Amino acid sequence: MTTIESAGAVDRDRLTRAFRDVRDFTGGLCRPLRTEDYVVQSMPDASPTRWHLAHTTWFFETFVVRAARPDLPVVDPAYHHLFNSYYETIGDPFPRPKRGLLTRPTVEEVFEYRRLVDARVREILATADEAVVARVAPALEVGLHHERQHQELLLTDLWHAFSQNPLHPVYRDVTLDDPGETRPLRWTTYDEGVVHVGHSGSDFAYDNERPRHRVFLETYELADRPVTIGEFQEFVDDGGYRRSDLWLAEGFDLVRREGWRAPLYWKEGYGVTRCFTLAGLIEPNPAAPVSNVSYFEADAYARWAGARLPTEFEWEAAAAALPVAGNFVEGEAFRPLPDPAGAGAPEERDAPALPRQMFGDVWEWTSSAYAPYPGFTAPAGALGEYNGKFMVNQYVLRGGSCLTSRSHVRATYRNFFAAASRWQCSGFRLAR
Amino acid sequence: MTTIESAGAVDRDRLTRAFRDVRDFTGGLCRPLRTEDYVVQSMPDASPTRWHLAHTTWFFETFVVRAARPDLPVVDPAYHHLFNSYYETIGDPFPRPKRGLLTRPTVEEVFEYRRLVDARVREILATADEAVVARVAPALEVGLHHERQHQELLLTDLWHAFSQNPLHPVYRDVTLDDPGETRPLRWTTYDEGVVHVGHSGSDFAYDNERPRHRVFLETYELADRPVTIGEFQEFVDDGGYRRSDLWLAEGFDLVRREGWRAPLYWKEGYGVTRCFTLAGLIEPNPAAPVSNVSYFEADAYARWAGARLPTEFEWEAAAAALPVAGNFVEGEAFRPLPDPAGAGAPEERDAPALPRQMFGDVWEWTSSAYAPYPGFTAPAGALGEYNGKFMVNQYVLRGGSCLTSRSHVRATYRNFFAAASRWQCSGFRLAR
Amino acid sequence: MTTIESAGAVDRDRLTRAFRDVRDFTGGLCRPLRTEDYVVQSMPDASPTRWHLAHTTWFFETFVVRAARPDLPVVDPAYHHLFNSYYETIGDPFPRPKRGLLTRPTVEEVFEYRRLVDARVREILATADEAVVARVAPALEVGLHHERQHQELLLTDLWHAFSQNPLHPVYRDVTLDDPGETRPLRWTTYDEGVVHVGHSGSDFAYDNERPRHRVFLETYELADRPVTIGEFQEFVDDGGYRRSDLWLAEGFDLVRREGWRAPLYWKEGYGVTRCFTLAGLIEPNPAAPVSNVSYFEADAYARWAGARLPTEFEWEAAAAALPVAGNFVEGEAFRPLPDPAGAGAPEERDAPALPRQMFGDVWEWTSSAYAPYPGFTAPAGALGEYNGKFMVNQYVLRGGSCLTSRSHVRATYRNFFAAASRWQCSGFRLAR
Amino acid sequence: MTTIESAGAVDRDRLTRAFRDVRDFTGGLCRPLRTEDYVVQSMPDASPTRWHLAHTTWFFETFVVRAARPDLPVVDPAYHHLFNSYYETIGDPFPRPKRGLLTRPTVEEVFEYRRLVDARVREILATADEAVVARVAPALEVGLHHERQHQELLLTDLWHAFSQNPLHPVYRDVTLDDPGETRPLRWTTYDEGVVHVGHSGSDFAYDNERPRHRVFLETYELADRPVTIGEFQEFVDDGGYRRSDLWLAEGFDLVRREGWRAPLYWKEGYGVTRCFTLAGLIEPNPAAPVSNVSYFEADAYARWAGARLPTEFEWEAAAAALPVAGNFVEGEAFRPLPDPAGAGAPEERDAPALPRQMFGDVWEWTSSAYAPYPGFTAPAGALGEYNGKFMVNQYVLRGGSCLTSRSHVRATYRNFFAAASRWQCSGFRLAR
């Protein structure tokens, strides 16, 4: 993972501020929680809040503090094992499905661990030699982005844990004004040709976004907004979950085996329009993007609608020129919202449509399997395990969601999950 | 479940005192815990501490308060679903394997639930009509014994949860004096004949201990103490876990599949004599009874030793005349201990041996499958589900353990678990 | 396993005749089969016909031929591994669930294997020294009974394999005359007292039937015939499979998980009275004993009917005085039949009822867990694995079925299967 | 699936000859088999030989005979259910994992089914109206290619079934002359640019090969031969299966869970160079291409070797100009062989290397996830289920193997399997 720091003098102030901002933001996300909420792991793919807090700290301790100050003893040797996620190169990680079995260290002890490591990082940034800071700055930068990812996972996993509880706990009771109406879907056309994709600049990007390279795209059209809850409801009402011809075979097996009949958080017995969110059980606006669908559901809907999912490069080519703006975690809505522009101003209706809501609201499934770019090489050492070893049987999602930090997203950013996953805030946009 | 109350005037004072004692004792057991410890469920068979606290309260609310005061609203209707264990007659219980996914109600709210129900029970005992108290007294009595059972399960489940944590948390740091030496094993002989087994008196006993009836026993011998850690170590050292000829076929399949090489809490990598207890990881006294073995391990050891397990009736006939005394939860050792009489006084060596440590220390596996006694009938209503529906593929254990309340055990008491279970404080005694 | 031979001169002629009869009978059972039918294993508990043919031959080769003639090479060393069932003492058995993956040796080669081993056994019986024959005679005797068991399993497993096929293959197209009517159920009363159970004579019995010993039985009543198809239909029609209060908890979990709604071979979509048999899909006589039910179904029916299952000793005490007669495999009906005595002659109606159909028709589930008798010891050597190592989590069935050889059954005979099993021809009789 | 027939007059003679050739070839493949060999299904992914024979026949009956002659009754209505593979549109297929449970129809009856359907197809081709033949000709053409696919699967599945048998059955005892030596690996360089991929001609191709379209390829190099057994042995000897850093995370989980230590058919205990083939257990030539490896193993080897797998388009661009020649099923070697050109003639060594063994020997894993081409649409009707519904979580293989028919392969042909599959004759070639 290349960072700007590798090529020049390190801006200690910027890093110190960025470090404080990211760490504080995590703390802020925890404010509504009770101690019990930090402990639970609702499925093997998810992690307890407390684990996210400790693991991100372990990341800084391992890749920054220990690299800069090998003379210091670690805070607790047991944490090295407990809070390593999957870096086999540097030890034997504690089994992921058992993260929810740990009651100690306590939440208070984990926050104390954060404070201790934070103090050391700040001290290193303040007092270490230029060479030392330059050496650890790239890992620190990765650590900041890494924590941004875990902020989103923390909320996502908590959402899933709360959804198991018949009491429908509320994380944040967000009241929103009139949330807009469904805009008629318009298509934007893109001409065939060779485009450049991937990251090239000197600012931060993950290794999986590089190298920038060329792909040929045939002519395509892209919807100017994601599929909405109201539209997906039509698919459900049309028997979409019962018609095998609409589904990939593996997806329909899953539908049958798991008894899927709607997106993950749609609750039956209340009428299908009740939806479990971080604000509890609400009656959602049909104009909001549908979320918490798997790749299989996105693909089936697209087939039903006579369209398809875009490839990740079709998406990226369309997004490249757009500003990174939208409904992110900083907006504190904590759920996808309708486009605030609603049906659009009259003048806009005649203009060529530009895709909207490309960033924020919902991660958008693409039809692209997650694969290395031509010339990709994983960095040497443990950080080489960050992305590369997951490049199989996963599909790429783009654009970030309402739980993503605005600072974490860009047009070249590649998120990835298994096709069956639906606990992420994942939706989709049609192409054809 | 017949109780003394059913036959005469109810002693309100006795019940009030007993109720307070039992409920307070539960509270006392929780004192060493941190909030996080209440939440975790380490396997489907176990339950979180918080669940035990709420479920025992639900039991009193459902079978006492609602029976006596149907006019009162319940504390929280959702609790009726969440904290019902397995009474299908009165509703749809929340799925057992998911008890550890709940973070709400919080621990504080559960303690508040206890306080509210306690107040109502006390008020009923103090002020309700004689007829009302007489009607609910039997269920109240069952509830007291039920909570005694859950006090033991609470500790057993916590022990298992703590055992998952590489930090080896300590529940209570019990320091014990010189704990005694292994006494040579002696055999007590019992003559053949018809004996009476089961409960007959008017004091409390569960339905599964009744009716008292006759069985014929051939002549047998019973060991005068349980098998010890030191003796079990010899079995392990002799390759006991690798010799298929010593095992029941289903047991040896389990040994192979699970990779069992010692009792559940023996920890490798420290030398086999380290053992995880509620006092943390300790070096146990070899003279203490071995615990946390399955029926299969007990049976294999017995075959290795040229002996067998006793039937539950052989055990009961031997125990009937003995006082109910031993190492119980009230003694606060929280682990099995060697017989304090050690090698025994000289004069005792010549006397006919009486079995010792029959009560307390470890539950003793018997070779008896858990089955109804001749003439058994489950009570009508939901409480009929208490015992009868589990009478298949379980084996009977007798005598109570160091985690059992002294007030909860008697010679006729039948505990039962699946042959593969080993998270209970279960050991065994030889017969031949 | 004690046999008469161990105590005196061996009757070579009797053994030679018995050997020929048993082996020929197996051959006769195979006559209706096509080559393809020999190969299939329809579930891990079942075995292919070809495997039964080879395994019983391996038994004679291993325990008789090799014992008598260690100088002879075995027919094929690979067979020693392939056709060992579960005797860990003498090698590593080929995994049971994979028996259906073998296409070689071919059926023809397996029959050739039988011919070769038969010739060797006959030659040993004809020409070996008295001492040699005396030494191997007990194992030969066991081998004969062992093959009788496998004759029944061969048919049972074939029945299950055929039941998987929507073509409903017919093993033998048995046409039966008017098969009788349902007789009103009568109860026979047995007084309390000590009875002797188990085998004591010098004729053959398995080790698990010994030693003969005493048990005390409280007064009980036993139904004079098994529960019929028509009666079980009433239970089904009354919602028996949907009422949790009728079931053991483990049984009801199974009902829900597996979607059980009737006995194993009752076929829906034809009206519930169609039943798949070795004569194909037939409309059964409601007066015939119900078969292919699990212990759980038998137990639930009994609870519904206000009765219970007998213990194995209640059954044995009632059967001890009765002649071993009934609908066995030699009668070639291949399915349970109504009592030919029908409603009984008038004079019989006034006489004290004796239980009927105790032998043959259906194996009868008892409420007794399979356990060793007091003083039981498994024989030394591999044959000690025959019975003892299965004495856990199984329930005893008594009396033989329409697929059992008359020569194989006696009042003390103990068959055993897991409570969930229902591919055996298993029914039940009520007690109270 | 477009075919040449759709655009002009049907050549009845060509179709008749092609039909006869394909059907006869299937019969020829079965000649070495014993009846038992047709029945077995060694895992859910595989099918019994008999099923392949019947299913391909069902395909012609369903899509040709019934389409041309709706007036004729089907051969057997039950076959419509039993031998439908996965066409949900036209009925409820018999569950795939249970194909090996059927013993009827017998092998003889299946061959009779083939004869009856063959006669009907021939009669239609000989006598039906021009319009009728034109209407069914495309499906007939698909049926021929479909049967070619199943010829390969028949051998592949048989290979797997035989591999389960410790007797190491031999399908065909092929003796081969000195089979050549390992040629030093050379790299061919391809320049960057836009290339056309996919099928465009009027001759037969599957729907998944269309539409022809453009992709941009960065400069790449391709190995001039597949990785050999000898080379893969070096990877094994270097601890390749134990080094997590070489593997995709999902692959290494599989290695650990399944205990993989070598390609599927390498047998331990004989020295690693013994390999189970359709000629039985042989000592393979190290110069032959390695086969029966999963995508994960191919990918791990490539990483170990400092290279990568090619994309399917890199492969296709290199193959487009090469003749379709190599070691196919028609050559009757039934296993991958070294390049007969061996180390190459001296003059060739100086010439620019052209990739060799691109066709035949082993299917070559590419790094491309199986996905629809831009503009892909599945045909209407049941045949639309042929390919499209599998386009997820599969990886593309190219070039055919020693078990593929020469007539079945072309440069644009896309085979696909899950990344964990290794029972196909699958190997790989390096790129960089």
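Descriptive notes on the structure:
Going in written order, the chains are labelled A, B, C and D, and every chain counts its residues from 1.
To be clear about the criterion, a residue touches a chain if its C-beta (ideal position, glycine included) is under 8 Å from a C-beta of that chain, and two chains touch if they have at least 3 such contacts.
Not measured: the values here are computed from a predicted model.
Shared contact partners of chain A and chain B are absent.
Separating the centre of chain A from that of chain C, both taken as means of CA atoms, is a distance of 60 Å. Averaging Cα coordinates per chain places chain C and chain D 47 Å apart. Computed from the mean C-alpha positions, the centre of chain B lies at a distance of 38 Å from the centre of chain C.
Shown for chain A are the residues in touch with two or more other chains, of which there are none. In this structure, the chains touch in the following pairs: A-B, A-D, B-C, C-D.
Against chain A, the residues of chain B that register as touching in their complex are 34-40, 42, 50, 78, 81-82, 94, 98, 100-107, 161-162, 164-167, 169.
Residues of chain D touching chain A in their complex: 86, 88-89, 192, 194, 213-216, 218, 220, 244-245, 247-251, 295-296, 299, 308, 367-369, 371-372, 374-375, 384-385, 389-393, 419.
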